[in-house]
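Going in written order, the chains are labelled A, B, C, D and E, and every chain counts its residues from 1.
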Amino acid sequence: MKGALRQALTVAAKDLRVAGRTRDTLLATAFFAGIVLLVLGFALSGGVVSRDARLSAPLAAGAIWTALALAAAVGAQRAFAQEQEAGALEQLLAYPGPHGALYLGKLLGVLPPLLLVAAVTVPTGLVLFGASEAVTAAGRALPWAALALTTTLGVLGFAAATTFYGSITVNLRAREALLPALAFPILVPAVLATVQATRLLLEGGWSPEVGTWLTFLTAFDLGTIILATLLFPAAVEG
Amino acid sequence: MKESDPGAAFAVQLRDVWLRLGREVILRGVTLDVPAGQGVTLLGENGAGKTTLLRLLSAGLRPTRGEGRVLGFDLRDSRAVRDAIHLMPVDGGLYPDLTAAENLAFALRMHARAGDVPGTLRRVGLEGAATRRARFLSAGMRKRLALARAHLLARPVTLVDEPFANLDDAGRALVQELLLELRGQGCSLLIAAHEPALAQVVAPRTLRLAGGLLREEVPA
Amino acid sequence: MKRDVTTTVLGAASLLGLAVVLGLSLTSPLDVNQGSLVRLMFVHVPEAWLSYLAYGGTGLFGLLYLIQRRRHWDRLAMASGEIGLLFTLATIVGGMLWAKPTWGTYWVWDARLTTTALSLVVYGGYLLIRSLIDDPERRARVSAVVGIVGTLYVPVNYMAVEWWRGVHQTQTLKLLGGVRWDAAPIYLPTLLLSVASFTLLYFFLLRLRGTLAAREEAREERELTGVTGRVEVARG
Amino acid sequence: MKGALRQALTVAAKDLRVAGRTRDTLLATAFFAGIVLLVLGFALSGGVVSRDARLSAPLAAGAIWTALALAAAVGAQRAFAQEQEAGALEQLLAYPGPHGALYLGKLLGVLPPLLLVAAVTVPTGLVLFGASEAVTAAGRALPWAALALTTTLGVLGFAAATTFYGSITVNLRAREALLPALAFPILVPAVLATVQATRLLLEGGWSPEVGTWLTFLTAFDLGTIILATLLFPAAVEG
Amino acid sequence: MKESDPGAAFAVQLRDVWLRLGREVILRGVTLDVPAGQGVTLLGENGAGKTTLLRLLSAGLRPTRGEGRVLGFDLRDSRAVRDAIHLMPVDGGLYPDLTAAENLAFALRMHARAGDVPGTLRRVGLEGAATRRARFLSAGMRKRLALARAHLLARPVTLVDEPFANLDDAGRALVQELLLELRGQGCSLLIAAHEPALAQVVAPRTLRLAGGLLREEVPA
């Protein structure tokens, strides 16, 4: 158990070191998140939409979380594509210890860049879709702490699911498109929970309903991580 | 973590192993016994299946039919096998964006072992490239780095795929020296190579893979 | 090839059941709101039921494969996945055709409809993954994993539907419930019979597809190893 | 000149062959576009939003073009990732002839699958987001020809821009990490023009304003292709 | 497109070429004249800079200082140089997802040339793997495929990086045979190798790269 934890941390540290060195993961994830915000921003911010304050919260929530879900998929795919370059993946799988630890390590390595991207995407999205304005116009302050919690839980859930599918698609052709396509349906509960929590937070600040959604999200995160750790060995072994 | 099964008299045992990859049948009934501590040179034409056989032994591939054991552990018990074995692949299997020293340190930490990274780098002549990324090493330097890793890890069963390719004369002598040291520590070696003369110095017993079958080769 | 009695019996029974359902539904009274359109229910609901059954099968057989590593289970999982996909498609197309006259539109962003469309993607992905892996062992393993996770998606989304409704009262769901409530007394026997027949149909198709896959696999194995003449056909 | 064209076609044919080997890339990309539509539908059109008929046009336009922009980005990324694997990119650059031809070849290889995916995504998106219905309810026919033209021009523009982006990121050294961030905004005009043209077409059929956007889009496409062909050699040369 | 400058008496000319990669200075004033049609064996320790020199000649890298010409074309005129030269890299530089035959056909079409793909595949012993993707070829088979490509293209200046590595004995003889044929057609050869005895059969003139400088080596 302690050995597995050490392995997970070793893998994560390595991935973070490489990510800091080449920065390509960060770039790719930011690129995809940026496209989503850009297109949706232009499509929805003209005409009727921008004039209707009630719409700003659901639209901002939807756009932000679609962007982050995609960014998670891209980040996870990178994490495994990197391994595969130069045959390192086969070498990684040949180390002793449970393969589940490798999944956890990969997940821990994927998370920090994603959280970084999220830290930019969320405020940008709120401004772009006029949600932050609508909130301050209503005389409230933006609930930053609650938003940050939602974001962290949401990104963790996205990363957990996409990292798992990343291990499956890495050896397949067409993996770039396949990974998001496979992972998204599974992400639907997480998208739903994050979108609703964000929307409610924007519309009225903290409420017990938000708490319910966040509890659900936490359960989703834990469930996904446990299940993925259990199934990962079967997905990758020789 | 067990270092090895101390009761195991055999490093490797294969019984009528068949292996199919895609639509090709690569191994067609391979049977092999390697006593613990022995050194074996594996010869065979290009495409004979040497690399495939080594991957099978390192639990990277599963036999389609037949059985195998490494240090007494069933090949299907991948965790135990991976604990006992190390495969040095042809292309090194290094992380291109980690430096030479980081690559070694990573391998050691994954095995929960300590080791003298700078010292080993010096032995393989890479002290000047310790902080260079593996991506920017020359072909021979990458091979030396992979060799340094195998030597540091010193697993009880060490599989080596084409250790002499891409190396200069000094590098080849170095491979022999380091592999002999490993044998001196009691490791069993399986070396796939196209240079029988060089490999047999380290691993005298010689086998030839042809047509998916393994035959003993008597030195001329 | 020896005759497979079980398959024949299953096939005959499900066909018989379907014929009876057809007769019953054509003679059943018209609904107050929907007229003859209500008859679509006898196809739509069992179709949806069958697809859920098939998805459950995919997950179950995948799990069994991972535990026992017998190729037999993998073939059944694949068969089940294909059946599920086929009948989800039928549910959606049928539902859309039904939706146009009753709701006035082919599609609404109702939770249940979206969920159903997504399960199409889940199992489409399952089959796509299968088609991308050549090595049979790895294919079986990876697809078992995908199938298990995919099956878990079905109940999770079922709960998501509940939560979704808890937040917005969408009329569509009320409409669905309403129709069922009003119609139940008259249509229940036919509906139940239809569901039973479709269940038989599932097992029939499962066996049929499983046998077919086994034959294909055996032939491929023979072709590959026939050269040596030493390998007997590996049977699940 | 003729030699360059032949090379471009050779590269495109190779990419298409790899992509079309088992139709996996096409399937996966189509799949991916479909899932983006579904997730956006799920995330954006619950609650208030779905009941507002005026929103159908902007939502449909936004969702369709998010899906297509992402599909283009994935396709372009794939095109260069493929080259880089196993040192094939250096080999490709070593062939005789102008390097600009390689960019054109890559672009031509990315386009056909994308257009196919677009041919499915556009009608699906229109139906799913109720735009086709809103149009027919308003007593108009869907302007298919104009939509097809917009789609073709838009997909061409996205493919040209993302392929160029891909060529920049493929050989990135750390000190150039800012380059992609600078290249990202070239996508803005394409996004703006396609989204607006589509929305206007859905809201009121053909109009001079649509014509202006399409002219602008054509200019953008040509400009991007010419610029990228000229800059590509500098981006990839050793 | 010109096949080559017919007036060029020299295949390769370098004048005091310096090359820096990252923070390392690899070449420190290399001067070299290779008359057209000559065969040159390039020796040097691991990491000496042989591969780097070949990449420089194939216009894949630009000299930091100094001048160079290939068949009379300035190295900075990358298009003309690329037209005249072919580099067979260590790792093959093949498309993993194209089959062996498709890889060859692609290279031919990029050079606007015709050639006998099945015949060449047969010569290098890959007729059975013509429709197998390069990803699934063994290390030696990939080398053979890269060799087949160099032989099919037969560029006036052909650079070969470690042609003997990963090959079995038959493969090494084959390399010699095919490279000799190329020389027979008037191609100039530059072979970087760690097997001087094997390479010198094809390319008798021998140079050694050490400390960033090139020295003529007189056969003992």
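Here is the rule we use: a residue touches a chain if its C-beta (ideal position, glycine included) is under 8 Å from a C-beta of that chain, and two chains touch if they have at least 3 such contacts.
Chain by chain, the UniProt names read as follows: A, D = Cytochrome c-type biogenesis protein CcmB; B, E = ABC transporter ATP-binding protein CcmA; C = Heme exporter protein C.
Here the structure is a predicted model, which is why all the values come from computation and not from measurement.
Engineer: By label order, what chains touch chain A and chain C together?
Structural biologist: A chain counts here if it touches both chain A and chain C, which gives B, D.
Engineer: Determine which two chains are connected by the greatest number of contacting C-beta pairs.
Structural biologist: A-D
Engineer: Compared with chain C, which chain's mean CA position is the farthest off?
Structural biologist: E
Engineer: What whole-number Å value describes the gap between the mean CA coordinates of chain C and chain E?
Structural biologist: 58
Engineer: Centre to centre, by mean C-alpha position, how many angstrom separate chain B and chain D?
Structural biologist: 47
Engineer: Counting only Cα atoms for the centres, state how far chain D is from chain E in Å.
Structural biologist: Each chain's C-alpha centroid was found; their separation is 39 Å.
Engineer: Hunt down the residues of chain C that sit against at least two other chains at once, touch-wise.
Structural biologist: Within chain C, residues 118, 121, 125, 128, 132, 164, 167 contact more than one other chain.
Engineer: Among the residues of chain A, which are close enough to touch at least two other chains?
Structural biologist: 21-22, 85, 172-174, 178, 181, 184-185, 188, 192, 237-238
Engineer: Identify all positions of chain E at which a residue touches two or more other chains, and write them in rising order.
Structural biologist: 91, 97, in rising order.
Engineer: All pairs of touching chains?
Structural biologist: Pairwise, the chains that meet the contact rule are A-B, A-C, A-D, B-C, B-E, C-D, D-E.
Engineer: Across the complex, what residues on chain B touch chain A?
Structural biologist: Answer in residue numbers: 1, 55, 58-62, 78-79, 82-83, 85-87, 89, 91-98, 102, 106-107, 109-112, 133-134.
Engineer: Mind pulling up the chain C residues that touch chain D in the complex?
Structural biologist: 105-109, 114, 117-118, 121, 124-125, 128, 131-132, 164, 167-168
Engineer: Taking the touch rule as given, give the residues of chain B at its contact with chain E in the complex, in rising order.
Structural biologist: Residues of chain B touching chain E: 21-22, 44-47, 51, 90-91, 125, 129, 132, 136-141, 143-144, 162, 165-171, 194.
Engineer: Where on chain C is chain A touching in the complex?
Structural biologist: 66, 115, 118-119, 121-122, 125, 128-129, 132-133, 138, 141-142, 144-146, 148-150, 152-153, 156-157, 159-160, 163-164, 167
Engineer: What residues on chain A touch chain B, complex-wise?
Structural biologist: 3, 6-7, 10-11, 14, 17-18, 21-22, 82, 85-88, 90-91, 93-98, 237-238
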